[in-house]
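Look at the two complexes coming up: chain A is in both, with chain B in one and chain C in the other.
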Partner chain A sequence: MTRDRLDRTSTAVPWPRLLAGVDAVQRRVRRAGIHGQLVSLVVVVALFALGTGGRYLAWPNVRVILSLAAIPTIIAVGMHPVVVLGGMDLSVEGVVALCVVFVGLLTRNNMNQNDVGLWIVPVTLGIGGAAGLVSGTCNAKLRIPSFIVTLGMSWVLWGLAVFVSQGQTLALLDTRFHPVVTGSVGGIPNLALLAVALTIAVQVLQDRSQLGRYLYAIGGDEVLARQAGVPVDRVKIIVFTTAGLLYGLSALLLSTRLGGAQAITGNNLLFPAVTAVAVGGVALTGGIGGAKNAALGALIVTALNDGLILMHVNPYAQDAVNGAVLVVAVALTIDRKKLGFIK
Partner chain B sequence: MSADPRPAPVLEVQGVRKSYPGVVALDGVDLAVYPNEILGLVGENGAGKSTLMKILVGLIQPGAGSLLVQGARVDLVDPAHAIRHGIGMVFQDGSMVPNLSVMENLFLCHEGGFRRLGLLSRRAMRERAARLLEEVNVRIDVETAIAEVSPAVRQMVELSRLLWLSTLYGQANPVLILDEPTTVLNEAERATLFRILGSVKRRASIIFISHRLQEIVEVSDRIVILKDGKNVTELEAASARVEDIEQLMVGHAFSADRYREEEQAPPGPEEVLQVEGLRKRGAFDTISFAVRSGEIVALVGLVGSGKEEICKCIAGLGRPDAGRVRIAGRELAPGSPSHAVASGQGYVPIDRRSEGLALNLSVAKNVNLLVLERLRRGGLVHPGREKANASRWMQECRIKAPSPGTACGTLSGGNQQKAVMAKWLSSDVKLLVLDHPTRGVDVGAKDDIYRLVRKLAHDGIGMIVMCDTLEEDIGLSHRLMVLKDGRLVGEVPCPPGKKPGPGDVIGMVV
Partner chain C sequence: MRKLVCWRIANVAAVLSLALLAAVGSPAAAADAPTLAISLRTLSSPYQVMYKTGGEAYAKNVGLPLDVLTTEANSQKGLADIKAEIARTGGNVAFYVDPNDATDAIAIAKTMDDAGVYWASWWSKPADVKVWDYSHWVAHISFDGFAAGEFMARELIKTFKTPGKGNIIALQGRLGDTPNGERWQGLQKVLGENPGVKLVQWESAKWDRTQAYNITRAMLVAHPDVDGVWAANDDMAMGAIQALKEANLAGKVKVVGCDGIPEIFDAIKGGLAAATVFNDGKYQAQLCLALALAAKQGKLNVSSLPHDRRQFEIPAVNVNRDNVEKIVHDYIQNTPNYDLKDLFARWSRAMP
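Let's look at the complex of A and B:
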C-alpha cells in the first residue's frame, strides 16, 4: 500500500535488533580498516590447515595460492576504485576477452603474419584503457548508471572479441614473456610480486595524492564534493580508465601464461573480482576501502577456493560457498543509512 | 556623503529576485555587508533567507539583480567559486564529506601546498590543520573522520576551512554566512561559538541567521528583517528589542477571509486522536493531547521545538520512547506506519515529490492507491471503476490535469498537493497530519487547499497541521498548541471571528 513511506523509514525495517547488531559489527569492521579481513584470512587458513592436516600450509600450496591470487588481485585493484566512487564496474570479462584476442592477433601466432613484438604491452594496456575511457565518459558525461554502462560494454567487447577472432584459439609463438610470467624470485612467483607492487602503488596514490582525496570525497558525498570544487567528472573518467588499463594488463598476463589466446579467457573473472572487492571491505555504498582491501579480499577468496579444492569439496558446493560469502561480505560492509531504497 | 561613518561595503546585493513556478521566493532584496561586522538576518520560514544565502554562495543563480564584491560585480557559479571571492557558508546540515577526516575536509581541493616530492605530506597537513583549528579553539585528533565528531566541532572545522581558503585567495575581509549555527549546539557550545565569532569578526564579516531572536540581538551589530522575499527593515542591534523584531517579522496585515474562516465549524464530540504520555528523548518531553473529529489543531514551534518528531511518532514514522497513540479508540503499534494507515490515519508529507506521490504514476493510480480493494471486481482491479473513482475525486478536489491518466510528475505543485489530499480523502481516513500543506504552492492553489481542509473538517476528519507561517496556522486551526524546546508551553484557542493576531502568539513561540 503506502510503499513510498514504508521503505524510507529505518523503523519499518524488519528485525531491528538483528540489524542493530549487524550495525555494531559493521562499525568495528569499518574503523579497523583491514582488521576484519586479516581475521577472516587467519580463520580461513586455520580451518583448512586443520582440515587438511597441515598440507594446506605446506610451501608448495602457499605458492599456488600466491600465484593464483595475483590476477584476481590486479583485477580487483583496478575495479575497486569504481566501487569506492559508489559505482560498479562489470566490464572486466569483455575487456579481457578483447585484449586477449588482440594479444593473439598482433604478436607472432599461428594464424597471421603480424608481430608487433614488445609493443604489445602498450597496445593491450591502451585497448583496455580506451574501453575504460569510453565507460567512464558514458557514466560521467552522459550520466548513465555505471552498472549498465559497464555491463553493456562487457557484452559489446565480448561480441567484438569473438567476431575478430572468429571464435578460434590462437597459439602464441612469441614465448619471450612466458618465463617472466611463470617465473619466481626467491621462491615467490613473479606475478605475486607484481600484484603486491601494484597494490602498494595504488594504495600510496589513494593515501597521498589529490586524486586519492577526490576519489574518497566523491564516494563520501558526490554533491558536497562537487560543491567543494572536486572535478568529479574528470576523476570518474580517470578511475574507469585505470580500471580498463589494469584489465588489459591482466589479459596480457593471462594469455602469456596460457600460451594461447581465445575470447573465453575472459570468462569467470567478474565474480571472483566482485567478491574480492566486497570481502576486502570496500563498501558498495562508496567512500570506504582501498587497494589493500581489494588485494586482501582477492587473497582471502583465492585461499578459500584453494582450500575447498584441497579438501575435495564438490565443485558445485564451492560455487554455493562463494555466493554466500559475497552476500555476507556485502551485508557487513554497506552503509544502509546511505540507501533510501534497497532495490 | 563624507559624514557617512560607514566604510564601503564588502558585499552588496542589489535588487535580487528569484521565482520558482508559482512562487516568488525573493522579490527585489537589497543587502549590504560592511567590513568587520556581524549582520543578523531574521525572517519567518519561507521569508526567503535560505534562497538569498544560496544565491550568495552560488548554489542558486538569481533571476534578476546583481551581487557586488568590493564594488565589482560577480556572477557566482558554485560555492567553490564563491569562496574565491571571499564568500563562504557554514551550512545548517553540514557540508563536510563524512568519510574523510577533519584534516582532509579542511584542505579538500586545495592540497597543492602540501605536496612534497609529488606526494601529499600528511605531517605537513596535520600540523597545519592543528594550527588552524587552534585559532577557533578546537583541540582534536585531526585524523578523526568527520562523521565521528560533534556538530559543534564540525561547524568550527567548516568555519576554519572558510577562513583558511579566504587567506589562500588573498581575501582580506571575507563574508562568512552561518545558517542557524546554534540549533545543533548546547548552552556551553553556544557561548564558545559566540566568543569565537567575536574574534573572527576582527578579520571577517559574518552573516548570522537564527530563529532565536535573543541571540541575534546579543551577537549582531546590525539586524536585517526579511518578509515575503523583501527586506522590510534594518535595525541597529544595540537599540533593537526582541518584541519589535517579532512584530516586523510576522507583519500586521491579517485577512480573516483568506483562510475561509466562515466555514470553520465547531468540532464534533468524539476524539479521533488520543495521545497519552508520548515521549521521545532528545526530541520532546511527555505530552498528552486529543484531537476531536472535525477539529483542526495547529502545532506551532520553531525548528527543534519537537513538533515534527511528535507528528512522526503519531504517524508511526518515528518510534517514541514511551506513550500511547489511539486513533478512534484503537491503539497504534509504535513505529509502524502501515498500522497507522490501516487504523485510519493519513499523512501529507512536506516533501510530496519524494514521499507523498509516486510521480511517474498517473493521477488515477495515485488517488486510488488506498482504495484498490473497493475497486475490484472478480479479484482484479476494474479499470472502469478505477477511472470513475479517480474522476470523481479529481473533480471534487479541483485537480487540474488533462486526464486521470496524466503522470503526477507533470502537474504543478498545487495540483500535486491536491492529488495527495484526494488520495486520503477517498479512503476512510479519520485523522490527517498535514505537514506544511501549502509549501511551494501558488496563491490560487492555496485557496483550493484551504477549501479542501475545510471540507475534510466538515466531513468529520480531525487534523493536525504545521503551516509555513504563523498566520496560516492561526487562520486555519481551531486551536494552537505552542511547543518550545520539546515542551508544550501553551494552547491558544482560535475561534472564528475571534482569532488572535500572529503578534499575540509569537512571543510564546520564540
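Let's look at the complex of A and C:
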C-alpha cells in the first residue's frame, strides 16, 4: 500500500528531473556571477511587497521602477568597465552637466535661435565621448590615477557647463524626443527597453569579443596582461570613451524627460551609480563583474529607494539606508587578497 | 672697474623705477574708488545669477567696479576667496556675502573686522551669533520664509475641487536648511488651520529637480488621489509637474513652489502651477551692497543703528495667476530702478 502510493507520486511529479533542472539553473546563475544579486533583489522585493500589502508588486509601481531604473542603469553600464579595469570613474556629474547644457543650447530653446534637430544625438554622444577620451588618455598615457583624472575632469566640465549656460535653465522647445523618452511599448517604458538592449550589447561584447577578454585580463592583473601583449593603454582609452558616450546619452535622456536643461541636472548622479556598480557585484578591486551586474545593481538600488518611499520610511532614515547598502555591498564583493593594505 | 660702477648705477635705476611703478599701481593710489564684491554659492543657480545682474546694475549706477566670487558650495574656498579679494583691493572693498553655510558667517565676520571691511549678508547665520557683536557687519537680512510657505499653502488649497478639503503631498529641500524649515513651518500653520487638508506624505528631494521627479512618481503610486503638491522650491515643483504629466494628472493636480524661476511663471500661466514666491535676488544684492557701501563711505553710522535694523526680514513677492504677467515684466524682463535712498524702506520685522 505504502509502496503503491510512493510509486504513484513519483510518476505524477518527476522530482528527480525537476531537481536536476533547478540544479542546472542554479549552476548557470552561479557561473554568471549574479546569484547574490538575484537573491538581494528577491529579498528587497519580498520585504517591500509584504510591507505594502502587495501594492509594491502591482503593475503601476513596477512600471515606475522600470522607468526610474533605466537612466541609472545606462550610467552604471558605462561606468562599470572602468571599475573592472581596477580604476574608478567619478566624472559622470560633470560630463552630464556639460552635455545637458549643450542639449539646451543647441536644440530649439527659449534663449537662442539654434536648432540642430536630430543632430543633437551625435553631438551629445560626441561631447561625452570626447570627455571620456581625454580622461582615458590622461589615465593611460600620463599615468595619473583614474579617480583623480575623472574627479578633476568632473570639476572642469562642471565649471565649463556653468560658464556656458550662465547658470540659466533652458526650456527645451523641440518636443519630438519627449514622447519617445516617456512613451512605452506594450506597457514597458521605452527607456527600460533601451537600457536592457544596451546592457545585452555590452555584455555580449564582454563575453564574446577580444576587447572583453583584454578587459578582464587587465582587471585581473595589469602587469601580467601587459607582458602577455595586451594593448593595455588602448583598452583603457576605449573603456573611458565608451563610459563618456553613455553619460552623454544619459544627459540627453535626462534633459528631454524633464523638458529643461540646467547644469545642476548632473548633480546627485554619482552616488547612485557607484552604489549600483558595487551592489551589482562589480568588485572595486577589478577583474570581476559585467554589464548584467551593473544593470542588476541599478535595478536593486532603484527598487530599494522606491520601496522606502512606498513604505513611508522616515525620510531622515532613507539616506542612512542607502549609505549602509553601499558599504555592505562593497564589503561583500571586494577581493581582499588583492589589497596589501586598506586606506 | 668702470664697467662694474655702470652696472651698479643701472641696477639702482632699475630698482628705483620699479618702486615708482609699484607706488603708482598700488591700491593706495585708488583709495577714493572702492570695489564692490559679491560672494555667492554658484552661478549655476538662476536665482544666484540675479545677485550678479542686480549687483552689476547697482555698480553701474554708482560707477564702481564689481567682482563676483563663487564658493561652489565649498566653505574653505569661500573664505579664501574673500581674503584674496581683501588683499587684492588693499581692504578698499564693500562686500555682500551669502554664506555657503550658516557657521561660515562667524569666520567671515572675524576676517572682515580684522581687515576693517564693511559687509552685509543674506540667508544663513547661526541664530545665536548676533550681528551687533561685530563692528563691520552692517546687517543680516532674510526673506520671510514663514510667510512664503504660508502663502504657497493657501494658494494651493484654493485650487482643490472642494477648496480647503483634500490631500496633499510635499517635497522638502535639504533637511536642516533654514529656508526649508521656515517654509515648512508656514505650511504647518495652514494645515493646522484647515483640518480638511491632510498631508499624506512628504519626502526630501534636496532642492533637486530630478530627485523631485523620481520621488513624486513613487509617491503618486502610493497616493494616486492627491489634490495638490507643495514643493519647497520651484526646481522641485518643476520635477513634480513632469511626474504629474506622466501620470496624466498635470493641470488637474496643481503644484506650488518658491523662489520664482522663469519656468514656474510659464507653468502658472499654463495652469500647471498655482503659485510661487519670488525672491527678488536683484534687490537683495543691491540692498546689501548699498548698506555696506554707505557704511564704508561714512553715510551710515553702523554702531548707532538699533539692533532691529541690523537683523531683519523683508517680504518677498507673492505670485499667483492674477499677477504673474506683471511680475515677469517688471522684475524678470527688466531690472527695476530700486529706490535705495531709504535702506530700510521694506523692513517688515526684526529677526530675533
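Heads up, the rule we're going with is that the second predicted complex is superposed on the first by the 311 of 343 C-alpha atoms of A that agree within 3 Å, B and C clash if a C-alpha of one lies under 4 Å from a C-alpha of the other, contacts with A are read in each partner's own complex, and residues count from 1 in each chain.
Everything that follows uses one rule, which is that a contact is a pair of C-beta atoms (placed from the backbone, for glycine too) under 8 Å apart; a residue touches a chain by one contact, two chains touch by 3 or more.
All values reported here derive from a predicted model rather than from experimental measurement.
> Scan A:Ile264 for contacts with chain B and chain C and give back first, second, both or neither.
A:Ile264 sits against chain C, while chain B stays out of touch.
> Could you say whether A:Leu224 touches chain B, chain C, both of them, or neither, answering first, second, both or neither?
A:Leu224: touches chain B, not chain C.
> Tell me which partner touches more residues of chain A in the superposed arrangement, chain B or chain C.
C
> Looking at A:Val64 after the superposition, I want to know if it touches chain B, chain C, both of them or none. Which is it: first, second, both, neither?
Second partner only.
> I'd like to know which partner A:Gln210 touches here: chain B for first, chain C for second, both or neither.
Once the two structures are laid over each other on A, A:Gln210 reaches chain B alone.
> Regarding the shared-chain residue A:Gly287, is it in contact with chain B (first), chain C (second), both, or neither?
A:Gly287: touches chain B, not chain C.
> If I apply the document's touch criterion, which positions on chain A are contacted by chain B in one structure and by chain C in the other?
none
> Flag every residue of chain A that touches chain C in the complex, lowest number first.
Residues in contact with chain C: 52, 55, 58, 60-61, 64, 67-68, 110, 158, 161-163, 165-169, 171, 182, 254, 257-260, 262-265, 267-269, 305-306, 309-310, 312, 315-316, 318.
> Under the touch definition given earlier, write down the residues of chain C that touch chain A in their complex.
Checking each residue of chain C against chain A gives 42-46, 48-49, 172, 175, 201-204, 206, 208-211, 213-215, 217-219, 221-222, 224, 235, 238-239, 242, 245-246, 261-263, 266.
> Which bits of chain A are touching chain B when the two form their complex?
Its residues touching chain B are 1-2, 4-6, 8-9, 11-12, 204, 207-210, 213-214, 216-217, 219-221, 224-230, 287-288.
> What part of chain B is in contact with chain A in the complex they form?
59, 78-80, 95-100, 104, 108-109, 111-112, 119-120, 122, 316-319, 335-338, 341, 347, 355-358, 369-370
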